[in-house]
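Please find the structures below.
Two complexes, one shared chain (chain A), two partners (chain B, chain C).
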Partner chain A sequence: MSQPLLQVEGVEAGYGSLRALADITLHVDAGEIVTLVGANGAGKTTTLRVVSGLVHPTRGIVRFAGEDISRLPPHEIVERGISHVPEGRKLFPHMTVAENLALGAYSRHARARMREALEEQLATFPRVKERLAQLAGTLSGGEQQMVAIARGLMASPRLLLLDEPSLGLAPKIVEEMFAKIAEIGAKGTTVLIVEQNVVEGLSISSRGYVIENGEVDRTLGSSAAELLSNERLRSAYFGL
Partner chain B sequence: MTAQAAVQAAINGLLTGGLYALVGMGLALIFGVMRIVNFAHGAFMMLGMYITFVAVGATGVSPYLMFPVAGLVMFVFGALVYYGLLSRLPAGADFMQILLTIGLSLICTDAVQLVFGADYHLLNTGLASTNLALGYGLSVNAPWVVSFAIAAAISVGLYLFVLRTMTGRAARAIAQTPAAAPLMGINVHRVQAISFAVGTAAAGVAGALLLPVFYLYPTVGDQFTEKAFVMVVLGGMGSIVGAATAGLVLGVVESLTSLYWGNQWALVVDFVLFVLVLSFKPGGIFGTERA
Partner chain C sequence: MTRSHALAAAAFAGALLVPFVVRSDYTLQVLFRLFLFSALGLAWNLVGGYAGQLSLGHSAYFGAGAYGLALSTRLGLPAWPSVGVGILVAMLFALVIGGVSFRLRGPYFALATIACAEILRLSAKNLTGLTGGDVGAAVPALFSGQVVRSFYWSAVLLASLAAAATLAVTRSRFGYYLMAIREDEDTALSVGIDTAKTKLAALLISAALTAVAGSLYASLFLYIVPDQVFGLDISNEVAIVAMLGGVGTIAGPIVGALILETASELFKNVFLEAHLLIYGGLLVFVVLFLPDGIVGTIVRRRTLARRRAKPPRAPDHAAA
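Take a look at the complex of A and B:
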């Protein structure tokens, strides 16, 4: 019970000549829900992309369960137990919901327990069950987000990365979404969320990090309760 | 001209269309998954013809038993082309891709011409003059029927590969949402290599099946590259079902055009269709978005 499940240390990364991340250091312990907050363009999505291997860091290291994964391709990172639900859902629109879920279990370790995983997901998301035979592109935004999360969980991950799961959803659906995420965490999946709905995100989290211009703000502690009551954050991000 | 002649032309066109369908499905698979505009597709088909020609010459075995050889060799060739050339191009280098496949097509054609010369060959299977009577004065030529049947079976196999296998599913996932595919654990390079190799093998097998019924010469593939593009556009970019349907329709339309207006009009009609569909129905007319 010593090392964190995910450890990001001094990561620098970017796109071509653009440096999106300057110095990101954070960790997520097994069983935690952790939220990343920060302004648009701060580097939250890029941080998740570094963890899932879509972007390779130019400096620093990413460790998962102690192993250096910073040079691995995405499909091998999925195999090790990290599942990334991308910003904007990114479903396969001309496939049925059932096929989308099956693709979530594409990796070798997940394929072996595809049936169990499907049953678990359909129990967590009863609305997804009603839509199994429908083409994913025809679902409402809320339903699409549920399918995207269920698809991510089909990989039977140890760590789930969620990028703005509440983006573009009606307030009532947002509430439901966060309840589901809390439920997923309670069932034992470790979760790292990027969220614009800062209060809702931090409320279901044990800890959080504030990212600004590609750096973690080190002047702030990481406990969610502390962040929620911080005066500067309240005015900057919570609109309170 | 009689109705009987028209029906006979339509039947002949359908048989030709079966082979077109296989060529078109191969290109649709390659275009659908990789957005590679493969100008070497007809040259790959031509290589399939020559491979079969050589294999039949060396063993004396019927070309109808040799198509797996052409398929296998072209599968490996396709994988090598993908890993050796295409995967090295930077993402989004569409123009370089086009130049590369045009260059590849020229190299294949010239290499074959260097080795085999520019002469026309015709492989005699002994079936060529066998016609099967259908009644009402209609008949079908035996070698065409055999080629059509094998092409149809392989087309169904390709369809099942794309729709039912995990690799086929992964290929469609890459085509529909490339950004999400790697997050599913899909090894995108590997699936693209397999798709390109399968598409290339389809062209090679189509070449093998065309050999008993068509003249063989180094540039025979060029017209098939053109036709394959017409099929992919009519079928809706990347839909293999659409491309197969378009292949059958194209065969019949060409055959009827030749009957009524003369052979020289057949290719003109192809391209008129091509331009009309691109201008007024760019999504194609036979495609399904699923496969």
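Take a look at the complex of A and C:
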């Protein structure tokens, strides 16, 4: 078997003296959709921030396509093909949707194929196309999330990081959102999702990891189907 | 946009012709200050307005221009190349100050810029061997003959240069990166913008323009002391000019300078030092009631009105 696209090994990280991650080890293979599950404050978001270089690990290593990226600044990580869609959409609210999308194609390789990438995103998200000239802050929550994902994809990433894509959205929109994410995965982009909505997240994923107190729970397997049927998880996270 | 181009060209030509009509040196000096502070406000606006980094220490670059000119002529350099030295020194300061203070955000950044400017002011006061300290330093004349006119024209040119630079920045990819940083720095980072480099580039341009203004100002007085060119007054006035007129707009700093300079001329004999009180009051008023500044508020009202009048435009594909 070839090496995984993303490999996180024994990562410890935090903010100042606060340790958010104690020991995170996980991997994502090319073409997979993987979901990180866990309670609030378990370290899911920090894990994504470490991968995209917004937080540097104090121990451990992050490899992307075999290369050590743990000390690289965020813009160089984007350049290598990782795109991070942060929690809560985080659009540039006073800019138009078109401008938001253009800013997603910052990296050198993305700029070269910006027009194609825009066409692709507008094909995937027809609703976004109708809103191009509108200020991003005036869109509905679901539309904003679509724009945020489209902006992330404008970088033509090999790995897309999605932080809580369903946050604050109506159930119907959530379903639509996950269908889109599955579609993006099927088109060949590898996706790593952090999600509170465990069932929706795992059901479009091939694998998942449960994070607790800054560590990956090693007693559980990582297959999504197994996790979905695990009794302990069902009671702890699914409320079933 | 051709109409506004024509308007700008007419304004520029008109400004250049003023000295042929206005004969009073006093009036020309007031107008010199007006354009000088327009230029300063525009330069500040690149960092404080477009990139949203509230610098309250621009006197560092102003003073660098002033002392750069004064000290390098003492070493035997002709006057105009000494202005160049001032620019280089200011950019060097910008590299160091930016390198340190851009690590901080929001009010912490503003405080760091004040601290850096204060360090420079106190150094200039105490390094008497180099700067002459509080005794001051002589500054060479940049012009001979029609001195006041020449100063006026150079201020007009500098303001136009600053406006042109701003226009170029706002139309460029670089300008969008700056605005993205202002909107949300974390998001700018996560879409892959090298925010450290981008902010520093804006500061370098801003510092260079500010240094030229500092040189002009110093040369008009022919004599400078640290408190005058490195003081907090300069830093504050530059920021207020831009905020009053409207941060993140091109016309804003010019309008701000017009109002502030006129007011300070009118009131300086009446209120003496109390004009600082007026500055403070103005700043509070603007922040509370006109957070977009005068020009910003007008622009926003107009866009809103236009939106209401017309149905939404068909989306256009030409992204940035």
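Quick note on the criterion: the second predicted complex is superposed on the first by the 239 of 240 C-alpha atoms of A that agree within 3 Å, B and C clash if a C-alpha of one lies under 4 Å from a C-alpha of the other, contacts with A are read in each partner's own complex, and residues count from 1 in each chain.
Operating definition for what follows: a residue touches a chain if its C-beta (ideal position, glycine included) is under 8 Å from a C-beta of that chain, and two chains touch if they have at least 3 such contacts.
This is a predicted model, so every value here is computed, not measured.
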Chain A as common anchor, with chain B and chain C clashing or fitting: clash
Of chain B and chain C, the chain that contacts the larger number of chain A residues: C
Chain B versus chain C as contact partner of A:Asn230, first or second or both or neither: neither
Chain B versus chain C as contact partner of A:Leu118, first or second or both or neither: second
Contacts of A:Val78 with chain B and chain C, given as first, second, both or neither: both
First, second, both or neither for A:Leu101, with chain B first and chain C second: second
Chain B versus chain C as contact partner of A:Glu130, first or second or both or neither: second
Residues on chain A lying within both footprints (that of chain B and that of chain C): 52, 54, 73-75, 78-79, 83-86, 90-95, 99, 102-104, 106-107, 110, 151-152, 155
Complex interface listing, chain A residues touching chain C: 52, 54, 73-75, 77-79, 83-86, 90-95, 98-99, 101-104, 106-107, 110, 114, 118, 129-134, 151-152, 155
Residues of chain A defined as touching chain B within the complex: 52-54, 73-75, 78-79, 83-86, 90-95, 99, 102-104, 106-108, 110-111, 151-152, 155
Complex contacts: residues of chain C adjacent to chain A: 176-177, 179-180, 183-184, 186-194, 196, 312-320
Chain A-touching residues of chain B, taken from the complex the two chains share: 166, 169-170, 172-173, 176-177, 179-180, 182-188, 289-290
